[in-house]
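These notes are about the structure you will find just below.
Per-chain numbering from 1; labels A, B and C assigned in written order.
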Amino acid sequence: MKLAIQTKDFSFTYPKTKEATLKGINIPIYANKVTALIGPSGCGKSTLLRSCNRIHDVYPGNSYDGEILLYDNNGEKAENILQYKKENDLINLRQRIGMIFQKPTPFPMSIKDNITYGLKLSGIKNKTELLDRTEIALKGAALWEEVKDRLNNSAMGLSGGQQQRLCIARAVALKPQVLLFDEPTSALDPISTASIEALISELKNELTVLIVTHNMQQASRISDYTGFMYLGDLVEYDVTETIFLNPKEKKTEDYITGRFG
Amino acid sequence: MLFNRFFRGLSHTSAWLVLTILFAIIIVLFHYSKSAIGDFGFFHFITNSKWIVGNDGNGGNFGGLIPILGTFLSSLIAMVFAIPIAMGIAIFLTEIAPEFLKAPVGIAVELLAAIPSIIYGMWGLFYFGPLLQSWFGGQSNSLLTAGVVLGIMVIPFMAALSRDAMNTTPSVLVESAYSMGATRYEVIKDIVFPFAKKGIIGSVILSLGRALGETMAVAFLIGGVFRFPDSLTSATISIPVLIANNFGEAGNLQLSAMFYMALILFIISFFTITIAKFYFLRKTD
Amino acid sequence: MNRLLLNKIVITLSTLAALMGISFLLWILVTLSIRGYHSIDWHIFTTDLVNNGLRNVIIGQFILAGIATVIGVPVGMMAGIYLREYGINSKFAMIVRNLSDVMMSAPSIVIGIFVYGIFVVPFGGFNGWAGVIALAILMIPIVVSTTDSMLSLVPQELREAGIALGASKAQVIYKIVLSAAKIGLITGVLLAFARVIGETAPLLFTSANNNFFSFGLSNQYPSLTVSIYHLALFPSQTSQNLAWAGSAILTLLVLFINLITRFIFKPRKQK
């Protein structure tokens, strides 16, 4: 199996805190699979996710330790993304690793401009190419039929579920290798949630998914691998079925059966 | 129970008093302006560039064109000078400054806003005006000096309001743009500015309102001469300065003409502020 | 153009703008300190304007702003209480709130000559009370606005709890709401005071100025700011030095009050 990302003894400390939020994490993220991170709030799962595209660097003063290796498409050559210093490297990294947030984050512009925003940033200027890729991205996010007649309307007018699919389409349009999902359905109703989950399962044909979720049913439904985190440690990592049906650690079992968290 | 009714009555009366003062201002200004309005009308008054006291000391020929022009031109220069710097400060405070700098720089900006305008006037008169004169020639007290110092005065105000508007941009939206590979500048241009657009425009218009009505700093610096400014560096006069300089010794008609000027200034600033506050800075709760 | 270069340029320019803003502040403060240092001595505090001192005008300025506060704060606060506690979102309250907001930014010279029209002309000459009224009128909308917003921060449950205990509405406002909002209100009053004590334009044609020490508010009244204005424009080194001394004292006072309010209010914010 090909690797997409692998962390090696990865630690992370927020500014002005003494204790590390993540302590020596080793986790493989396999290409074209869905990996879920679960655990009680404050366990560091979002911090880990947000390290993978260095979005933490938007705020100064964090410190990283260890390695996060990002593999190329063949799963052979890897680069340690923690060594990136230049803004340009971070920009390229973020175009290779997309991110979807808890709440839908449509930009204050039209639906079309939302999709083409990242494409234009990456230097694509040709109008027909922009339009084509908009259509492909929206179709990929199962949103095309709903919005094709109002591409120039403001994205703020869409429903919450549509907005979240727009954000996925926006990220997918850049053809990233990996998509990070940070509790993407926590602000959505059950129907929208189902459509996002279906979308995630489909996306793994083209890319790798790493998802943080507080919803264990969701993790068991859509993921291939699951990591259980607790107090900044990766307690257990395995094939999703094993984690949910036959966990090796007592803590994992307690959490999954709802005894704490 | 008596206390209850008394308290409510007192607070209701106070609220009415606020309205009463506002209407009283308009009525009193209008009352004293009447003879000037009767003699000069409106269009003739605002297009007349003369300000000549009659021989008997009471009559005369008074027009508001030059002070109106001086008021708008000095405020315009102030805006041209202040907008880029205030926006830069707001951007610095919201998107660039490291945490440990945000508070001190923010406080410095707010202290700058608290300094009384007469102090800006002193500084401009003795230091900044002569400096500008040595760079650009012309007169030390001029439209340019008044405009630029006026600009410096409104910078902190404009920057603080714009910063507040820009701070309302949800951080997920900002992160979201970064996660698409945007640079800091692109995030500011494409996300923060569009999001805070109304608040920023409102802060600019509100600052314009301040600049239009500012008296003391301009009184020190614009020269106070009743003539068309033929260049940026020549002296002229503005409405508040006209009033401040000539009010004390004015005869009947001139006094009325100055009340008329004050009424015009009040209406202009009333509308400017109203537009800023109720169209652009409306709080959406 | 190269994206990254553009980004660097914008970041640099913004940082420069912030530096420029701070350097203006420093420039003004340094100027004031140097000129103030050279012109302030004890003589200034012990003699009146007529003998090239500032004693009477500093005290005069405090008295004008002090009495204005005594008048303006109760009126502004009661009006603010009406807006937040009684009127809330009624049409009347909204109109008062909005117009008071607009008045807050009205040119202060206009307030000055309005008061000239109603308190100077009818009484036959400049007088201290007219100056007091002008400053009070400037102050009222500021106090209305801070009261309104400070009271809006008091949780509704607190009022309901008071009513549930059988307190009358006035008692709830007086005993509970006002004390809950106390720190914010004090800050607001201090800032309003700092704002009016530095005002010049509204005093020019109301209380004007007086070279002598005076408690008689029915005559022309001594004022620091008006003195600075006249002294600065008078072509004599002594006068100008005195103007600088006055400016330094005034600025120190205003900035001091502003910094104090920051420290009063800070612990509250952190909670």
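Rule of thumb we're sticking to: a contact is a pair of C-beta atoms (placed from the backbone, for glycine too) under 8 Å apart; a residue touches a chain by one contact, two chains touch by 3 or more.
Everything quoted here is computed from the prediction, not taken from an experiment.
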item	value
Central chain (distance from its CA mean to the mean of all protein CA atoms)	B
Centroid comparison with chain B (C-alpha atoms), farthest chain	A
Selected pair, greater C-beta contact count between B-C and A-B	B-C
Chain A-chain C separation of Cα centroids, rounded to whole Å	52
Between chain A and chain B, centroid-to-centroid distance (C-alpha), Å	49
Averaged-CA centre spacing for the pair chain C and chain B, given as whole angstrom	17
Residues of chain C whose C-beta touches two or more other chains	3-4, 7
Chain B residues counted as touching two or more neighbouring chains	183, 186
Contacts with two or more other chains, residues of chain A listed in rising order	87, 91, 121
Footprint of chain C on chain B - complex, ascending	1, 3-4, 6-8, 10-19, 21-22, 24-25, 28-29, 31-32, 84-89, 91-93, 95-97, 105, 107-112, 114-123, 125-127, 152, 155-156, 159, 183-186, 188, 206, 209-210, 212-216, 219-220, 240, 243-244, 247-248, 258-259, 262, 265-266, 269-270, 273-274, 277-278
In the complex with chain A, residue positions of chain C that touch it	3-4, 7
Sites on chain A touched by chain B in the complex	15, 53, 55, 58, 60-61, 87, 91-92, 94-95, 98-99, 101-103, 105, 107-109, 117-118, 121-122, 167, 170-171, 174
Contacting residues of chain A [partner chain C, same complex]	87-88, 91, 121
Chain C residues touching chain B - in the complex, by the definition given at the top	3-4, 6-7, 10-11, 13-18, 20-22, 24-25, 27-28, 31-32, 74-79, 81-83, 85-87, 92-93, 95-96, 98-103, 105-111, 113-114, 116-118, 137, 140-141, 144, 168-171, 173-174, 194-195, 198-201, 204-205, 225, 228-229, 232-233, 240, 243-244, 247, 250-251, 254-255, 258-259, 262
